[in-house]
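Letters A, B and C mark the chains in the order given here, with residues in each chain numbered from 1 onward.
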Amino acid sequence: MITLEQKKFEEIEKMTKGYSRLLVLGCETCSAMSFAGGQRQVEELASAIRMAQKTSGQEGEVLEDAIARQCEPEFVDLIRDKLAGCDAVLSLACGAGVQLLSERFPDKVILPGCNTTFLGVTEELGVWSERCAGCGNCILDKTAGLCPIARCSKQLLNGPCGGSMNGKCEISKDVDCVWQLIIDRLARLNRLEMLEEIFPVKDWSPAGHGGPRKMVREDLKS
Amino acid sequence: MAHPPCKLACPILTDVREYVQLIAERRFDEAFATIRRQNPLPRVCGRICTHPCETACKRGQIEEPIAIAALKRFASDGPWKNQYKPVLPDKPSGHKVAVIGSGPAGLAAAHDLALLGHHVTIFEALPVLGGMLRVGVPEYRLPKNVLDEEIQAIVDLGIEIKTGVRIGAQIKLSDLFEQGYKAVFVAIGAHKDRKLGIAGEDQFEGVISAVSFLRAVNQGQNPKETKKAAVIGGGNTAIDSARCLLRMGAESVHIVYRRSRDEMPAAQEEIEEAIHEGVQIAYLTSPLKILGEDGKVSALKCIKNELGEPDASGRRSPKPVPGTEFTLDVDMVIAAIGQAPDSSLVADELGLTERRERIIVEGPYTLVTTRPGVFAGGDAVTGPATVVEAISAGKRAALSIDHYLKGESIPAIEPAKDVEKVSLARSVVEKTRKFPRCKKISLPADQRLRGFKEVESVFSEDLATKEALRCLHCYLGARIDAEKCVSCLTCVRVCPLGIPTTSKMGEITIDPFACQACGVCALECPVRAIDISLDPRTEIAQDIKKAMSTSQHSGPVIVGFFDLHGNFDSSDVENLRQDYPHVLPVMVFGLRRIDTSDILKAFECGADGVLLARCPPESDPFPEATDRVKRRMAHARALVEALGLDGGRLEICDMPEQGLVQKELIDGLIQRIKEPGQVRSE
Amino acid sequence: MKSGSNLERILEGGQFAVTAEAGPPKGSSPKVIQRKGELLKLCCDALNVTDNQTAIVRMSSLSGCVLLKELGVEPVLQMVVRDRNRLALQGDILGAAALGIRNVLCLSGDHQRFGNHPAAKGVYDIDSIQFIQMVKTMRDEHRFLNGEEISGDVPFFIGAAANPFADPFEFRVTRLAKKVNAGADFIQTQGIFDVPKFVEWMKMVRDRGLHEKTHILAGLIPIKSVGMARYMRNNVSGLSVPQEIVDRMADAKDAKEEGVKICLETIEQLKEVEGIHGIHIMAVAWEDIVPRIVEEAGLMPRPVV
């Protein structure tokens, strides 16, 4: 899933000042699962914004809604009518959702209520960690299912570096050295010799360094 | 929505779950109204009902069932009962109905018929009303003044009473129709004792049938004095007789029962109390012969049994063991081996043939007899059964008669089918916090036997509330709206009992029987896809608004969320209202149900401060869930501060050992609202 | 000769080499490097110029190397992959070759989080092993990474760092092997304080025959104070400082003297280790002590080849 964090309220309050009719729009997939922007957070945030408006003597209305995903035009279009009277939307979706809203409603001000963080897994309720960098060329078969692009601080393909100590990355004791994990797991699978070979340099273009990415499936598009 | 097991087990489908919840909420008058609407004899039932609801109660799978009968008594004995006024229809139907017998079946029928607008006359053969309730059940279990009050409330509906009239003797059924009665309900009960069938039964003085013994005792008459008595039989009548004998000064009372304790038909509680009081029970013993001297009973010859093959009733039949004869010295023998109805007086008119005991009804659920317009029910039809079954028959008869009087066909009101008892998963039982059942308060044995004082006392408000809070709220739990659910698995992770499960495709199932309606998943669901019937989130929001609408500006307005699991009573609530009219309480089944947005909503509605009061941890069925409230409160406080308000306006505290909240805490909160910037107490 | 550098000639000639480090300034004055160059000219065979070490911005290594060359001191160009992509790395290699620099040390670099610009984007386009391989291909095949031909020679003596004390211990030798297979002609290790542990590692290195395929120079860090000893023991990942070293520094009457003493003792032991072809002295903020250490270790004068 994509993980998100809701922006600090001070930042949101500043961003949403001055709009007479604001829609707080939640996203019920990744954002809800991150407890950043589901219906539950929409309620809370809208309430707080209303109180902030009242305190600052601002006249205004704050509406609430949520859709399944803000990254799909069909869902986004379903709130067209609700948006009609609004001058701004505080979107609690990831950056993709915020931008699709902007595209579909170019005359409205679309504001991001969350910071999109990473592609990751849930370790337990309330704890998520990064797993995938979206590099477009998966090598997890060669690294025992552990990704050095997403999880090595230096994205080494021939790691570890000299800073790996006690299985932790040099940047923090809380970060595992993924190369230690890769070595351990390959050893466990009796495949450690795979690392004798030098991993060639990476082509970073599918990872976004070749420019903004787009994927087209000729077999699917109309 | 499915019926909870307590309701299903009750012959009159009592809304047990509802009144128990109302008691937990300290809404005692409403609890009583809920009971009374369905049951015209709640104080009787609260004392002597066999409570099949308790046997079915899901709590019994955790430790012990809810003390439902005791709670019914608590709700029905209280001073608020006098506020309840049944509503009679504006226009009487113009029909007259005769009810034969003033036992529970007859009284219930009369009550319901009166509420349906019919004119009812009760014909009672004895000079007193109540049937077995009066002349069978002893005073120490059911005080006569209680019975009198309940009967009076029924009679006050405008029911005509004719005592000392035996229908079938002076007046025949056909006479009743000629007198203008359009329908008759025969509810004459089962007052005929079976004979022992042993030698000496009719020979000596001192051999008494249990029915006549109890009737005499209950009417204040003193039958023959006794020092050593034997009671033959194993049902409640035998136990009642034995316990009465002790109170009448008998030095020893033996119950002689032919099978073992496990097969005794009497209620377990009754057997225990009898033993506690000193009744001796000779199990696996049958009477052989009654011996006498000078025309009076002097001894009872008995023989021991062993249990053989099961008989028609399904119980193993007793077989006498040769050579085990022994003699009990007694001066009184009471025969309590079972009663039967005596329908001899009406048998001809109803076309009854065999045995002239039970009255035959055609449809067992319509209660019609062979004679049009004549209905029958209660012990007279079933043989000796329980009070609530008799009340059920009376209520069914009233409905059938009502249809009949309107010229409609009589629908068969089938009773709820016997539902198989569903077992809770072991993991759920293990994870449920144990709270022992509140013990009943009984007189010590020596105090009991000096007279016929009522043995059991009613629960205090504290105990009743505590007991009611043990209820697991069957079928009032969480329901997932599949359309909104995004399979985030939060409910699966946060449930304290591990009840929600997921399929591979993310379809979440919540077992409605197992769910205890704690409210945690409904709160934590990030997409608000879970609704719950107990303290729904929408209701909490409404309660906040409602509370705020009553606010008077006599001080800073504080919304207080109080946990119903706290140790407080209605006087504490009243005192809070008086001392702090600007503190508006919102009661919830567990502070764990309060989300950040609820706190914000209170402020949004204009509250100046919010107080969250946790119940004492030893009373909390979900202490870990309650613990998480702190974090939501911290988040709310951060938002409140970001809004420029002082965080001290928001307080979480523990409820005191007794009461709603400590004065100092409220005073402190008020102070901080008035003068922000002070150090908080937490 | 791959590069014809002084260091290469000494090592290939079977002599015990001495290299040291000169840290550039956080400023633009050439005087700092010049002073260090003068100081260390006679006591080392080549002098490393660090490259934004510990992710703190300093004058570039390449310019430091040019300044040293002007003084007649042989530089070792240190390059980290943290700050440059493959284009810049190759371009600077060509530039360094044109400027007469003949030794290059290919490194990953400490993470930018540790430095004074922690918000910087780390490049890490290629890693240190791929970098070694790239330079070797430029030198031996005259080819860029993309296969295109390079005009002219790229005569470099290629070095890499090795850390005998980082985890996983068992994999360290494999990693060394990878660097050697990639083309590392010489290795400079991390500072050694735990000699027995180092000896263990060297045994594994020798078991794989790596000591014959590359020249290993053992690293040394002279300790100036007990505070420095403690800091290295507790805060620097990749350094293994035994408690007894800390205790010796704590108990010493003259800390600096003790530090020199420890360093010299270590050198003596290292001389005996088979497969060690020299030492690399990293006298952080204490370059002045290096001539004395080399002298007292009996390694003066330096051979002229």
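Here is the rule we use: contacts are C-beta pairs under 8 Å (C-beta built on N, C-alpha and C of every residue); 3 or more make two chains touch, one makes a residue touch a chain.
Owing to the predicted nature of the structure, the values given are computational and were not obtained by experimental measurement.
Participant: Quick check on this structure: which chain has its C-alpha centroid closest to the centroid of all protein C-alpha atoms?
Facilitator: Going by the distance between chain centres and the overall C-alpha centre, it is A.
Participant: Among the chains, which is located farthest from chain C on the basis of C-alpha centroids?
Facilitator: Between chain C and the rest, the longest centre separation is with B.
Participant: Could you find the two chains linked by the most C-beta contact pairs?
Facilitator: Most contacting pair of chains: A-C.
Participant: Report the inter-centroid distance (CA atoms only) between chain B and chain C in whole Å.
Facilitator: Each chain's C-alpha centroid was found; their separation is 88 Å.
Participant: Please tell me the distance, in whole Å, between the geometric centres of chain A and chain C computed from their C-alpha atoms.
Facilitator: Chain A and chain C have C-alpha centres separated by 40 Å.
Participant: For chain A versus chain B, what separation do you get between their C-alpha means, in angstrom?
Facilitator: The answer is 56 Å.
Participant: Of all residues in chain B, which touch chain A in the complex?
Facilitator: On the chain B side, the touching residues are 484, 486, 488-490, 493-494, 525-528, 595-597, 600-601, 603-604, 638-639, 642-645.
Participant: Name, in rising order, each residue of chain C that touches chain A in their complex.
Facilitator: Spelled out, the residues of chain C in touch with chain A are 81-82, 86, 108-111, 113-114, 122, 124-130, 133-134, 145, 161-163, 166-168, 171, 174-175, 177-178, 181-182, 190, 237-238.
Participant: For chain A, which residues count as touching chain B in their complex?
Facilitator: Residues 8-10, 13, 28-29, 32-33, 35, 38-41, 43-44, 47-48, 50-52, 55, 66, 68, 122, 124-125.
Participant: Under the stated contact criterion, what part of chain A meets chain C in this complex?
Facilitator: It comes out as residues 153-168, 170-171, 177, 180, 183-184, 192, 195-196, 198-202, 204.
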